[in-house]
Amino acid sequence: MATLHTVNKSPFATQALLSCLGHAKAGDTVLMIEDGVYGGASGTGLAEAVAGLGGAVTLAVLEPDMKARGIAASRLMDGVKTVDYAGFVELAASHDRTQAWL
Amino acid sequence: MTDGVKKFLYVNRKAPYGTIYALESLEVVLIGAAFDLDVSLAFLDDGVFQLVKSQDTKEIGVKNFSPTFRALGDYEVTKLYVEKESLAERGLTAEDLQEITYEDEDDDYAEKPSLIFVSRAEMADVMGDQDVVLSF
Amino acid sequence: MKFGILISEGPYTHQASDTAFHFVSAALAAGHEVPRVFFYHDGVNVGTRLSIPPQDERNIQQQWTTLAAEHKIDLVICIAAAQRRGLLDQNEADRQGKDASNIAEGFRISGLGQLIEMGIETDRLMTFGD
Amino acid sequence: MKFGILISEGPYTHQASDTAFHFVSAALAAGHEVPRVFFYHDGVNVGTRLSIPPQDERNIQQQWTTLAAEHKIDLVICIAAAQRRGLLDQNEADRQGKDASNIAEGFRISGLGQLIEMGIETDRLMTFGD
Amino acid sequence: MATLHTVNKSPFATQALLSCLGHAKAGDTVLMIEDGVYGGASGTGLAEAVAGLGGAVTLAVLEPDMKARGIAASRLMDGVKTVDYAGFVELAASHDRTQAWL
Amino acid sequence: MTDGVKKFLYVNRKAPYGTIYALESLEVVLIGAAFDLDVSLAFLDDGVFQLVKSQDTKEIGVKNFSPTFRALGDYEVTKLYVEKESLAERGLTAEDLQEITYEDEDDDYAEKPSLIFVSRAEMADVMGDQDVVLSF
């Protein structure tokens, strides 16, 4: 009974990603989309907090949004997966519910 | 999904009045009450500000919709989960919130509290136990 | 699998309606069904036929109208949200004494009950907002 | 003193246009001048005459139309932002081959140059947005 | 040559207030309006940071927005002023420019 | 306000594409270039993301407007202040940003950098030295 969480805000601008990670359960997936993709980057002032809170969940970013913002795959934190829109659909289908952190 | 009745959770994470999401979320809850659903509301992050008492919107010229929360019991919407950590971070206690109750028809119409104060971990459990999660 | 889609922000200003469009396209391509998209909050503004985006930009309303026609998607605009924001069909315009309507082909205006019904009748509800 | 006002968000969804309205009313009451209010981004949606807010809510468009008439305020809607979002006057509708217009009385559509000019010609520029 | 800064977002939701305070100069005023008024409250997890960063500036909140949100004047941090819309206009007139932190 | 020419600062604090503010801000800058103004742009907080190079928006179906920044020099918009602290917090360095230059007509059209990297305190000084500050 796992949840797919989506986060579409920059973690540097709003608290949505941190709140989401604080409520996600083991086995859940947190997919960062739109401006949320910045949350998947390594070497930022937030990367440690994200990695720490995200320990029990799968972290993923939407690749089309990453490319749009000029984030190279090599910039992602270890263990962060990338998906395209088809992969986003697969995640939504393979989890029991979806929760958007707006 | 027990006996075909779906569990709906309405998630409120935004403050009232600065944006319309809190009000329009409440409109969905009221309409949803006409359907056969197992309904819960979650108030966390800035969403807990929606429940603060003594709201007075006269000077901003915007309708004060906070009394509507007290009417939810009449619509059989009786489970309003409020996150303790969100309250504490904002310097709020249960005393700062409106009293919201419902009459329990299975218990001789005894008046019971609708606000259920939960920890962040318990809120995560509530969220993980739904069929549909609507975020506003 | 059946997906229900809730779009909560208007076109161009927020990426929400774009992301929803790409998600729905991908879901249909994968053989899933998307019986309904519900437009709420500023999302109702996606359904205006009066927008004229620059020629080098996508036309968000037309993208939805075309996709809905191809795949029989029910595009529902919330009436309460639409009235606040000035989205009307001809019926509503006549009833309210307004001299114009602006809803686009393929969209229809209805109540919030359609959102609840979508949540009940689909397997997954996806929200795209701000 | 002359105040120029920039409103960047639409009505009802964000409080910006309400706060701007109260600010302008207070400025006028204090004897200041407000020659122009410029509507940009989703702010252009304030100027639709098709909105029908619930009877127990304020009518934001009418508040502006009334205030502007009383105090000769120039209510300018940015044309580029308006075209994306489906706000049109009759001229623009005719020119673009659209079958309806939706701009309200007291508002006019013009270019972004009017925003720059407002910044140049007023003493203080106030921005109300999201 | 002082600036009136306006902040209309909750400091618990976005970084706007902290960024504003990090850029305001001695003699400036930071006026919290709309959802920004929560930033003026005492006893919150952010009050110390706000008071610390706001040391050299005048902090003010828009009272109509405070009342709308049920914040009693007694809840405000020490030294935070309240103004009504007329007072907002006076602040805008008495500073050399206004900057909105959206 | 020296010799009647007003100093305009356009403040960019938001990431591109998630919202339209960055693009519509740039449209104001381009129109403003036709006026006699002393123009500066400020990039801080998530606004620094607007300047990142190698943006490729093909798959999201939205127009990539980042090349327009490189054309600003032709409009005599040559002062783009970028806050170092904002870059560092986001794990970015100057190398991650587009190269943006202008031709200095007062110096035999020498090509010079438009990006001016400043500290937070220097950014505050830039902001405090304007006649009009437009925030997007």
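Here the chain labels run A, B, C, D, E and F in written order, and each chain numbers its own residues starting at 1.
Just so it is clear, a contact is a pair of C-beta atoms (placed from the backbone, for glycine too) under 8 Å apart; a residue touches a chain by one contact, two chains touch by 3 or more.
A quick note: this is a predicted structure, and the numbers were derived from the prediction, not measured.
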Chain labels contacting chain C and also chain E: A, B, D, F
Rounded Å distance between chain A and chain B, as computed from the means of their C-alpha atoms: 27
Centroid spacing, where centroids are CA-atom means, of chain B and chain D in whole angstrom: 35
Where chain D and chain E are represented by their mean Cα positions, the distance between them in whole Å: 26
Chain B, residues touching no fewer than two other chains: 14, 17-20, 45, 60, 62, 132-133, 135-136
Chain C residues counted as touching two or more neighbouring chains: 8, 12-13, 15, 19, 22, 41, 57, 80, 125, 127, 129-130
Of all residues in chain E, the ones touching two or more other chains: 8, 12-13, 15, 34-35, 64-65, 84-85, 97-98, 100, 102
Touching pairs - complete list by chain label: A-B, A-C, A-E, A-F, B-C, B-D, B-E, C-D, C-F, D-E, D-F, E-F
Complex contacts: residues of chain C adjacent to chain B: 6, 8, 40-41, 80-81, 111-113, 115-117, 119-120, 125, 127, 129
Residues on chain F engaged by chain D in the complex (per definition of touch): 6, 8, 20-21, 24, 27-28, 31-32, 34-35, 37, 132-136
In the complex, chain D residues that touch chain C: 10-13, 41-42, 45, 48-54, 57, 61, 80, 83-88, 93, 96, 98, 100-102
Contacting residues of chain B [partner chain A, same complex]: 11, 13-14, 44-45, 120, 123-125, 127-133, 135-136
Chain A residues within the chain E interface of the complex: 12-15
